[in-house]
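Okay, got some structures for you below.
Two complexes are shown next, each including chain A; its partner changes from chain B in the first to chain C in the second.
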Partner chain A sequence: MLQDILVTGLVNGGVYALLAIGFSLIFGVARIVNIAHTAFYMLAAYCFYTMLTRTGAGFTVAAIVSVLAVTALSLLCYRLVIEPVREHESAVLIATIALGLIFQELMLAAYGGNYLGVPSTIEGMVRVGGVSIPNQRLLILVVAAVMLAATWFFLYRTRIGLAIRATANDLEVANLMGMNVHRLAMITVAFSVGLAAIAGVVATPVTSIHPFMWLDPLVTMLAIVVLGGLGSLKGSIIGALIIAYVEAITVFTLPEGAHLKGAVALGIMVAVLLARPEGLFGVAFEEER
Partner chain B sequence: MYLLRRAWAEARNEILVLPSRTLVLVWAAGLLLLPLVYDDAYVLRILTMTCLFAIFAASWDLLAGYTGQVNFGHALFFGAGAYASALASLKLGVSPWFTVWLGAAVAALFGYLSGFLCLRLRGSYLSLATLAFPLIGLGLLFAFPDFSGGELGVSGVQRLVLSPTANYYVAAVAMLVVVFGLWLIADSRFGIVLHAIRDDEVAARASGINTPRYKLAVFALSAAAAGLAGALLAHYLRVAGPSTLEVALSFQVVIWGIFGGVATIYGPVAAVFILYPLTEWLGSFKEFGELRLLIFAVIVLLVLLFMPRGLTPWVRDKIEALCPRCKQRNFVFRKTCRLCGAPLEAQVTRAERLVGHQ
Partner chain C sequence: MHRHILGIVLALAAPLALAQSTVKIAVLGPMAFVQGENHWAGAEMARDEINKAGGISVGGRKLMIELVRADTNEIQSVPDATNAIERVITRDKVDYLIGGFRSEAVLAMQEVAMDYKKLFLGCGAADAKLGENVEKNYDRYKYWFRVTPTKAPDLFRTLMAVLGNIAEQVRTSAKTDTPKVALVAEKAVWTEPIVKGLQATLPKMKMEVVGTWQPSAVATDVSAELAAIERSGADIVFTLLSGPVGISLGRQMGERNMKAVAFGINVEGQKDQFWQAAAGKANYVSTLDTFAEVETTPKTVPFVRAFKQRYGKAPTYNAATYDAIMILKAAIEQTGSTDADKLVPVIEKMEHIGAAGTDTWDKRHDLVWAVGKTTGIAVQWQDGKKVPFWPPQIKGMQPYKMPAR
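The block that comes next holds the complex of A and B.
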């Protein structure tokens, strides 16, 4: 059981971290609370499923096409829906909620409410220290680790990453220093949604696909981001691991664990917020007046 | 006779001079008179639900619009009221006329508690943290099914009154009283303090306002109104289920509030009265039935692209103009202000509109 907890926590933590970092980046750079973030994760899963079952493409092709398509769609949504109402914070908020609902209903209309499954990308097990781990979970872990490293490289070792961090730190000053804030926002949206889409593609074989699959990760992701501190890369990763392990421990040890895992994880988040209102690693944002 | 003439004079001078006030009067009178002329059970059912959700949306606006505590988990209060009232009337056998108030009180307690937990949180942190509260409640409900009924909820609850018309009147009168009460509160000195807290909490505190106390009070007040709506709904539908705590309901109220225009009270009410019957009506068509949520979301999105501040502020700006001198509202076709006689110029009102309130 201990090994189960360790593996499940690590694998879920990887997926959650991919989602949380993207959400946190969009919030930091563009000040958008993107409720539709996990809806893109769902869309990527559906796209992957369609490519595999309807067109018979290989796993790699299907994965690449899904990620690219979803990223392009996110840019389109940003230009058409979010950009025109950018100055009105509340309008942006419900625009993203409405987007999430639209995607959910479109998928419901197109595929029905059934639970769909995707076969494992790679079969087989690996035995590590007496525990057998399915290769699919290992793949999730590897992809998550690689993407996290890539994110770190992108944010801390490239000029665009520097600009993104500067914009997240202080949007107005970054604008005055000649950074193209609008283009940076677009790049951030594309990059973040890309991360979510990758998470969706690698995680589908171990979960089931249905139109409401975006709600559960949405809540978990929000809890992680708040727990770790909005706009903090380190906070998102550590928050993701904390929440994933808490969930895993609840599921495997408590009798009604499957129902309580969300409640316990969210309870931890509330407890942390009581002690540290800006999250574990959050920078207290300047009071925006 | 004197009183009648006095009332007519009041009505003519205070209400009929402004199109928005006239609209509200017509709407309230229409709501109360409707069952006398048209009492189709289906329409009354839709309108009853609309009235209850209008209370819910207005209570959200007091908390989120006026005070700036944008609550993503308002369903917690709705569900608390519904479950408390349903359980009390079922397990203790008390009359539902009493348990409805008990539901509101329990919801107020929950509001006070979540307000207490959120005192130090700001902005997005607060929104995202409050989203968690109803989900924690939902997890607990599912974990203890013999108490809460689990997935099925608490069913077999007594109705307040029996006939559909009477039920409609209960909901409509409750809605008018609560919404008008909330509007009065929001318009009073208390409401001004709430505006101050939203705009700049530090400055409000520096001016000697005990902001935590005000925030707790408004959390409890708003929760009580939401809880009352939840309790009434539970007694109307005769079931208090987990759907009263879902994320969907919390998001729904945010959509209603922002679609109607925040910090107005009447805005969210108007939004509910437009959107809820609209979705139900779309749902009654076979071919649209499955797509109604989609159509709902698309309508909200399109309306927002053209009226980013919400529906009612947009409409109000079209039919009324602000006097440049005394800042009183006037019917847009008047040449001079109705109170101070200053000329109303389009240029000035446009500048005023850019600054706007909120």
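The block that comes next holds the complex of A and C.
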């Protein structure tokens, strides 16, 4: 059973991390709580499905078009919906909830409530320690690792990354130093939603596409980023692994309580927050900045 | 003088205006979802067939059927469902109600329908309480009849009958006297009595329950559950799933190349789109179902073929709204009246040979359970095709297949 828990937790943790790092990034550097983050993930999944099944495009073309289209849409949404109210955090929260619901209803109207699926990008499976792992899940794990490395490189090894971190540190000083803070916020939004879109494209083959598919990951993702420390990338990764392992342990040790795996994970989050309100790495992230 | 002329004209016109020329039937369902689509499609088939033949004969007159489409949105919101039924009764002035899907919503809609004494033929919800209400308070709830499916306890009887057949094949294929069964039931009210029944009954049927896994109804990933089930050495994965988790289970079992066979209730597995949604991985998944091109009754094959030709896909059980309208037609023609109070005793005594089965009702206005008549059928996905295999005595059934071991 131990090897089952180890392998299952690691693979599922990769999927969760892929979603959580984008959300954490946009909050950490732009202070935008984007509730519609997983709705963009849902849009990317629909776009990928449409490209594959209705245009006959290959996986690569479909993936690239989906990620670019959803990222472009996020920029439009940022300019029209988020930027005008960005100074008011509660207004941003409500505006992004509304965006998510609008996307949900649009997909419901366009595709109906049917559950859709796409074939795996990579067929087959491998056995590790007696546990079967489909290759698609390994691909997700690899993509999550690559995206984490790319995010780190972008933030810590590029001039734009330096500017974004400076803006996050002190918006007014960065503005006085001549940085275009609006442009930097847009770049952050684009990068963050791009990560969500990539998650949508690679994770779609292991899930079902439907208009409400953004709600479940939203709850899990919020639990992860709050557990890890809102805004901390390192915290998001650790948080994703903790939640995934807690879920795996719940399912393996308490089969009849499998539906409780989300509740148990959220319970762990609450317990951690009671002991450490800023989350596991909240302070560390503040110090890093 | 003018007042007198107007009075005479009105007196002459009144009987004409009051003479009913149509019967208005509300079709209640979640129209953005496959269940509502099938409610509506089945009703359209019946309406067009009846109207094309001249309508319903009542005392020398012919009444045309007019359908009112009511989107209950009940999968997402029960209040939306009660608002929808209230609207069709008070604003659209419908005569009869058919449809409904989610038990919680149908229970609420049943109350509204009974308040207005409207005949309501249910075509989707299985909760036993709907029928229990009729028995407990007949005068209030007598306007409710269940057309499909059978009530939840009878679904259990059907499941046991099919499982007995499958277990025999597993015994031969796996060379075991006591097949191991993993129960995978979504956490929902409707699954609880069935799970308890299975845990008590399967050992008596010489089957070992290796565990019960209860994922959320909306879970889209059951990889952890399947890893545990694989580890348990289960031969049969017994499913009680109505949500998207049914697709994930079928697909992920295929991806893992599991040797266990999945059988039970998998609502998503009843749909034509299931194979595509599961990316072609859900081979050998089987489920209870209602319609296939088999001779459940003489009306089944013509109905299924006509449905496929018109809508490009096979009907799901909710399309039994076709039967509901035919039942209404038969009752109205027999009584020569559209009065609900006169129709109720006629339907109670009726034996209706419909497209979904041969229906008779008990004192709860629930379908009387009988294999091959009201139980529906069982189907298995075999290489992209939904193949009917149970009850074997019905003409058109094909063999159940086991994965190679």
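Note that the second predicted complex is superposed on the first by the 272 of 289 C-alpha atoms of A that agree within 3 Å, B and C clash if a C-alpha of one lies under 4 Å from a C-alpha of the other, contacts with A are read in each partner's own complex, and residues count from 1 in each chain.
Assume a residue touches a chain if its C-beta (ideal position, glycine included) is under 8 Å from a C-beta of that chain, and two chains touch if they have at least 3 such contacts.
On a predicted model such as this, the values are computed, not experimentally measured, just so you know.
Using the contact criterion defined above for the overlaid structures, shared-chain residue A:P134 touches chain C, although it does not reach chain B. Once the two complexes are laid over each other on the shared chain, residue contacts for A:P84 go to chain B alone; chain C is not touched.
Residue contacts after overlaying the shared chain place A:E256 against chain B and chain C alike.
By the touch criterion defined above, A:L273 reaches chain B but does not reach chain C. Looking at the shared chain after the overlay, A:L108 reaches both chain B and chain C. By the document's definition of touching, of the two partners only chain C reaches A:T8; chain B does not.
Once both structures are placed on chain A, chain A residues 108-109, 256, 259, 261-262 are touched by chain B and, in the other complex, by chain C.
Residue ranges of chain B in contact with chain A, taken from their complex: 70, 117, 120-125, 127-129, 131-133, 135-140, 142-144, 200, 202, 247, 251, 254-255, 258-259, 262, 290-291, 293-294, 296-298, 300-301, 304-305, 308-309. By the touch rule above, chain A contacts chain B in their complex via residues 27, 33, 35, 81, 84-85, 87-88, 90-91, 93-95, 97-99, 101-102, 104-106, 108-109, 215, 218-219, 222-223, 225-226, 230, 256, 259-264, 266-267, 269-270, 273-274, 277-279, 285, 287, 289. For chain C in complex with chain A, the residues that touch the partner chain are 30, 32-34, 37, 75, 186-187, 211-216, 218-221, 223-225, 227-228, 230-231, 244, 247-248, 251-252, 255-257, 268, 271, 273, 276-280. Interface residues of chain A, counted against chain C in their complex, comprise 1, 4, 7-8, 11-12, 108-109, 112-120, 125, 131-132, 134, 136-137, 205-208, 210, 212-213, 216, 247-248, 251-252, 255-259, 261-262.
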